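These are the structures, in C-alpha cells.
Okay, so chain A shows up in both of these, paired with chain B first and chain C after.
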Partner chain A sequence: MSRYIIRRLIYSVVVIFGVSVFVFVITHLVGDPAAQMLPLNSPPEEYERIRHLLGLDRPVLVQLYHFLADALKGDFGYSFWQRQPALPVVLERLPATLQLVFAAFAIAIFVSLPLGILASIRPGSLLDRFCVTISLLGMSIPEFCLGFILIIVFAVQLGWLPTSGYQGGGLYLILPALALSGRYIGRLTQIVRSSMIDEMNKPYMVTARAKGLRESAVIVRHALRNAAIPTVTLAGWALGRLMGGLTVLVETVFAWPGVGHLAKEAIARRDFPLLQADVFVVALLITSLNLIVDILYAFVDPRVKYE
Partner chain B sequence: MKKELHEIRSEGRFERTEESRAQVFLHGMLSFLRELVRDKAALLGLIFFGILIFAALAAPLVAPHDPTAHDLRKRLSPPSLSGGYLLGTDQMGRDALSRIIYGSRASLTVAMNVVLFAGSIGILLGIISGYFGGRVDEIIMRLVDLQFSFPGLLIAMTLIAVLGPSLRNMVIALTINGWMVYARMARGVTLTLRDSLFVDAARSVGCSDWRIMFRHILPNLAAPLLTLAVLEWARIILAEAGLSFLGLGVQPPRSSWGLMIAEGRMYLSVAWWLVLFPSLAIAFTVLSINLLASWLRVITDPYQRRARG
Partner chain C sequence: MLKDRLAQLLALLVLVSLVVTACGPTPAPEVVEKVVKETVVVKEEVVVTATPVPTKPLVLVIGAEPSQLDPQARDDGNERAINDQIYENLLFRAPDMSIVPGLAEAMPESVDETTWRVKLRKGIMFHNGEPFNAEAAAYSINRLIDEEYNSELRSFSGPILEAKVVDEYTIDIITDGPDPIIMARLSTFLKMVPPKYFEENPDDLVVKSIGTGPYKFVEWVQGDHVTLVANEDYWGGAPEIKDVVIRFIEEDATRLAALQAGEADFVRDLLPELIDQAPKVTHSPGIEFPIIRINTKKGVLADKRVRQALNYAVDKEALVDALFGTYATVANGQISGPGLWGYNPNLEAYPYDPDKARELLKEAGAEGASLELVAERGRWLKDGELAEAVAQYLRDVGLDITFTMLEFGKWLDVLLITPPENHPDLQFSANGQEFLDADRPLRAYYSDKWNKAGNYFDPEMEALIVAQGQELDPEKRLKIVHEAFAKGREDCVIIFLLNFDFIYGLSDRLEWEAVRDGRFYVKDMVIKE
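What follows is the complex of A and B.
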C-alpha cells in the first residue's frame, strides 16, 4: 500500500513539473514576457532594459531553471494589476472556488446517484429512458448557458435569488453551484448507470436473489458496493476536470471571486505572472485531488495495490 | 482438366466477389438506415445536425438579414413572428437569427479542424506507440497521462492569450488540448491487433511496418474512431462556445454563439432572448451530436447490440 502511494506521489510531482514546463514554454517561448509588459510602440532601449531586468537575455535553460526554482519557492513574480506578489492573490481566491466546486459536487452526487440506480434497475424501461434523457440534457447544456438560464428564471423573472455576486456563500451559492453541477450530473448518472448494469449481470447477483434477499438489499449491499469502484475513480477524475476550467466560465457568469474568474481577469489585463500562478495553483489542486482519488481507489478495491 | 477447374474456380470467385461487394454495400446501407429509423432520437439528432450544416454552408441564402447590418432604431426588439425579426434584435439592432446562423460557422469550423488535426496526430502517435512498444510507447504514453492531468481549458486560455485571440489560434490550442484521447484509443486497438494472425501474415509476405500500420491496422480503428470523433466534436463545440464567451474566439463584428452570449449578458434583465437563443443553439447542437454518438456506440458494438435486443 505505502509503495503504491509513494509511486502515485512521485507521479503527481512529475505532473506538476510538467505543467510548469508547459506554462514556461507557452509564456516564455511562444510569447514574449517583455513585450507583454510594455505598452505598444515602446522604444527599443526600453524593451532591451526590461528584457535584461527579467533575465530574458539569458539562455533558455537557465531561464527555465530559475522559473522552476522560483515556482518551487512559491514565487511567480509580481502581479502588475494587483501590485503585489502573484501567489497570495491567487490563494486568497481559492476558498471561494473550493466552496463552489464542492457544493456542485454534493449536488451532483445527490442527484445522479439515485438517478443512475433507478435507471439501472430495468434498462430500457420508461424510467430508464427518463433518467438517460435527463443525463443527456445535462451533458449537452454548457454550464455558462445553464447559468444564464437559471439567472433569467430564478433571479430576473421570479426574483427569488440574487443574480450574481458573493457574500460569503449562502443564497449566492445556489445558482452557481447548480449551473456547475449540470454537466457533472449528466456524466455521473451515466457512469453510475452503466457500472450498475455491469454488476447486475454478474452471477453473484443471481446467488443473492436465490438465497432470498430483498431486492433493495441486493441492489444496495451487493450491486452498489461493487459499482462504487469505477464510480469513485471516474467521479474523482471528473471532479478534477470540473476545476480544470469549467469554474472559469461559471465564475465569470456569476462574478464569483474564485481562481477561475481571476484567470479570466488576468488574461483581460495581460497580467501573465498572475495567470501563471493561477494555472499552477489549479494544477496543484487537480493533481492532489487525483492523488486522493487514487489512494481512495486502492482502499475500495484491494486488487489495485498489487498491480 | 486441373487447369480448367482452377480457371472455373477463379472465375467463379471473381464474379462472386464483385457481386457480393455491391450486395454488402447495399445491405450495409440498408441496415444502417433501418437502424437509424429504429432509433428515433438518433434520427432526430442527425436531421438537426444536417440542417445545421446546411444553414452554415448556405448562410448568405438562409439568413433573413445581413448579420452585421445594424439599425439603432430597432435595437433590442423582442422576438416576434410579424416584425421581421423572428428571434429579436440585439443592442445594435442586428438580427439575432441571422447572427446565430452565421455564428454556427465558427463552431463548426473549429470543431471540424480540431477533430481533423487532433485526430490525425493522436492516431499517428497512438498506432506508433502500440505497434512498436518499448521506449517509444513509454514516452508517448507518459505524455498522454501528463496531458490528461492538465487543467485543459486553463492551458488553452493561456495559449490563446499569448498567441492572440482568433479562430486559428483556438484550433491550435484545442488540438494541443485534445490529441491524447485519440492516441490512447488508437494504442489500445493496436495492442490487441499487433499479434493477430493477419498482421503476422502481412509481415511474412514482406509488408513494411508502415504498410502494416496504415493499411492493415488503421482500418480496424474506423468504428471506435467514429464514435470518439463524434463525441469529441460535441466537446469541442462546448469548448469553442466557452472560449468565445470569454472573448478568446472570433472578434466582433463577426459572430459566434459564445460571443453573442457575452454581448447579450449586459442586457439580461431587459432582453433575455439575446442570451437564451444562442444558448439553445449550442445546447441543441451538442444534444443532437450526443444522441448520434450514443447510437453509434450501440450499433458499432456487437455486444451492446445484442444486449439491446
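What follows is the complex of A and C.
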C-alpha cells in the first residue's frame, strides 16, 4: 500500500515540475513583459532598460535554471505588475477561489443527488423527464451566461442579492457558486441517475424487496450505496475541474478575486513570476486532489493495491 | 462494509465543503448613519452651510485593479483612479483643461532657457504630518527621474534633469535644453510624495498611500476594492463626500448591473450601446485617437497617392455613428482635436470619396494591391470593430486586404519591438495624448526616430518636430505644430480616423461632468440625496 502511495506521490511531483517548466519555456519564448509595462510610444532604450532590469535578456535556459533554483526555496520572485513577492499574492487570492469551488461543489452534490435518485425511481416518467431536462440545461448553459442571467434576475431586478464582489463571502458567494455549479449539477445528475437505474435492475434488488424492506430503504441502503462508486469518481473529477477549469469565467463575471482571475491577468500582462506562482499553486492543489482520490480508490477497490 | 465506508467518505467530503464555505470571514457590516456636529469657525468669517452628510459611501467602479499605489512607478487608468484622490501635482488642470497652479503657488517662471523656478504653497502637510516643502518637491521629482528607481513613467519626464532646493518653499527645475511642455509634465504625472515616509518604507508603498490630497487611504482589499476617507485637514477645504469606495469590476455588463442595482454611483468606460440603460450619463471627447499606421516605406504604400486613397476610402462619419453611437468626433487630418494644444483648425478630414480613392489607386498602379492589416481587440473602445470596418472599406475600393487579429501582447510586440523593416503594411493603433499636447503624437507617428511605432520619415517633418520641441514661445511653437500637422495630412502619414468620447454612467444622486483628460476627482463630485 505504501509503495502505491509513494509511487503516486512521485508522479505528482513530476507533474508539477513538468507543468511549471512547460509554462516557463512557452511564456518566455512568446511574450514580452517590457512592452506591456511602459506607456505606449516610449523610446526603445526604455524597453531595453526594463528588460535588462528584469533579467529577461538572458538566455531562456539560464533564466529557467535560476527560476527552478529559487522556486525550490519557495521564492517565486517579484511580480512584475504588482511589484510584490509573487507567491504571497497568489496565496492571498486562494481562499476566495477555494470558497467558490467548495460552495459550487456542495451545491452540485446537494442538488444532483436528489435529482438523480428521483429520476431513477421510474425511468421514463414525467418526473424523470423533468429531472433530466434540468440536468441538460445545466450542462448546456455556459457558466458565464448563467452568471449574467442570475445577476440580472436576482440582483438587478429583484435586488435580493449583490451583483458582484467578494466581501469575504456570505451573501456574495451565493450567485457565483450557483453559476459555477450548473455544469456539474448537469453531469452529476446524469451519473447518479444512470448508476441508480443500473443498480435497481440488478438481481439482488429483487432479494431486497422480497425481504419486505420499504422501498425507500431499498433505494437508500442498497442501490444508492453501490451507485456511489461511480458517483465518487465523478465527484472527484468535478472538484478537480472546478479547481483548475472554467472557474475563471465566473470569477471574471462576478469580480470574484480568485486565483483563476489572477492567472488571466498575469497572462495578459506577461507577468511571468506571478503566472509561475499561480500555475504552481493550482497544479499543487489539483495533483493533491488526484492523489487523495487515488488513495481512496485503494481503500475502495482492493485490486488496485496490487497494481 | 466498504460501501458504508464509501458513503461515509462522500458524506465527509460534502461536510468538508460546507465547513470550508461557512468558515469564510463574515461580510463587512453596513455603513451606519453618522451624526456629525458642524463647528463654525468664526475667526475667518467663513459661512459654513451645514450640508447634510450622505450616509451611503460614494461607490465608484473601474474596470481593473491597480497593481500598486506608488504614484510614481506607474500611472495607468487604474492607478490614477485612486492616486488622483490621494496625491497631487505642482500644477493642476482646470475642468477646461487649462493648466493652473496646484501645490505650486503660481505658475513656474523661466529663469533661463533651461531653468524653471517654482514657488510652492505654504502650510500644506502630507497625510502623515510630514510638511510639503521644497525638500519634498525636489525629492519627488528626482526620485521619479532616477534610473535606479525604475519608474515606468521615466520617459514622460523628457528633458528634466533634476530639481534643486533654492529655499524652503522654492525649487528650481533644470532641463536638458528648452522644454516647452514642462507645464504639462508638471501637471500630469509628477505627483508629490512624502520623502521621509517613502525613504523609510520602500516596500510599503505597494499597498499604502500617503499624499497631500483631499482623500486619505484607508484600506485595500486585494481584488475587490479600495476604501478612502476625506482628509479633514485638506488645504483646499475638507471635501463634502466623506467615504469613498472604489471597486474593480472587469466585465462591462457586470459594471452596468452594479449601477442599475443601485450598488454603484459611478461607472467608468461605459459602452455607447449601453447608455440607455444607465440612470444618468456624462461624456466628453477624450484623448485617445485610434489610427491605422501605414508602413510608408513598403511597396505601393511609398506612393503618397495610395496613402491618400486609403484615407478617402474610409467613411469616418459612418464609423462615428454606427460604432460609437455619435459619441465620437472625426479627426480632422491630424492626431489632435479642438481643445488639445496644437490642434490646427484649418485642416479638414479627408472626405469619404471611394471613387476618388479608386482613381488614385489606378493612377498609382496599385489597383487590387494586396495589403495586410494587423489589429488587436480589447484594449481600446471598439478597437476590433474599427479595424474590421476599415479593412472592409479598403476592400470596397478594390484592395485585397488580409486581416490579422493578434492578441494584445503580440500586437504590442509587432508595434514596438519588431524592427521597422518588418512592420506590417497597415496596423491598427491608438495614440493617447496624456499631456494634451502635440509633442508626443508627432514623435510617435510622424517620425520613426523617436520610437519604433512610427513608420514614416521626412527630413522637413523631422526639422519641424525638433523645432517645436525646443520653442519656448507658445505662439511660435503653435505655428510650427500647425505646419507639421498640415504636412502630416498632406503626406498621409497614417489613416486618420476619429477621437472617441469617454463615457461614464452615474447614479441619480451623483452630479459630475466628464472632462477631456479622462481623469476624475471626487472632490469635484456632488451628491444630491
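By definition in this document, the second predicted complex is superposed on the first by the 257 of 307 C-alpha atoms of A that agree within 3 Å, B and C clash if a C-alpha of one lies under 4 Å from a C-alpha of the other, contacts with A are read in each partner's own complex, and residues count from 1 in each chain.
We adopt the following convention: a contact is a pair of C-beta atoms (placed from the backbone, for glycine too) under 8 Å apart; a residue touches a chain by one contact, two chains touch by 3 or more.
These figures come from a predicted structure and were not determined experimentally.
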| item | value |
| --- | --- |
| Partner chain in contact with A:L275 - chain B first, chain C second, else both or neither | first |
| Contacts of A:F105 with chain B and chain C, given as first, second, both or neither | second |
| A:W81 touches, of chain B and chain C: first, second, both or neither? | second |
| Contacts of A:L127 with chain B and chain C, given as first, second, both or neither | neither |
| Partner chain(s) touched by A:C145 [first = chain B, second = chain C, both, neither] | first |
| Touched partner set for A:G31, first chain B, second chain C, both or neither | both |
| Greater chain A contact set [chain C / chain B] | C |
| Touching partner for A:T252 - first (chain B), second (chain C), both, neither | both |
| Which of chain B and chain C A:L296 touches, first, second, both or neither | second |
| Partner chain in contact with A:V156 - chain B first, chain C second, else both or neither | both |
| Set intersection of chain A contacts, chain C complex versus chain B complex | 30-31, 36, 148, 151-152, 156, 163, 252-253, 268, 270 |
| Chain B contact footprint on chain A (complex, rising order) | 14-15, 18-19, 22-23, 26-27, 30-31, 36, 123-124, 136-137, 139-142, 144-145, 148-149, 151-152, 156, 163, 240-241, 243-246, 248-249, 252-253, 260, 263-264, 267-268, 270, 272, 275, 278-279, 282-283, 286-287, 290 |
| Chain C-facing residues of chain A, complex | 30-32, 35-44, 46-47, 49-50, 53, 79, 81-84, 89, 92-93, 95-96, 98-99, 102-103, 105-106, 109-110, 148, 151-152, 155-156, 159, 162-173, 177, 224-226, 228-229, 231-232, 235, 252-258, 261-262, 265, 268, 270, 296, 299-300 |
| Residue numbers on chain B that touch chain A, as the complex places them | 146, 149-159, 161-163, 234, 238, 241-242, 245-248, 261, 265, 268-269, 272, 275-276, 278-280, 282-284, 286-287, 290-291, 294, 307-309 |
| Residues of chain C touching chain A in the complex | 2-7, 9-10, 13-14, 16-18, 20-21, 24-28, 64, 67-68, 70, 73-74, 147, 150, 152-156, 203, 206-207, 221-225, 247-251, 253-254, 257-258, 260-263, 408-410, 412-413, 415-417, 429-432, 434, 440, 443-444, 450-453 |
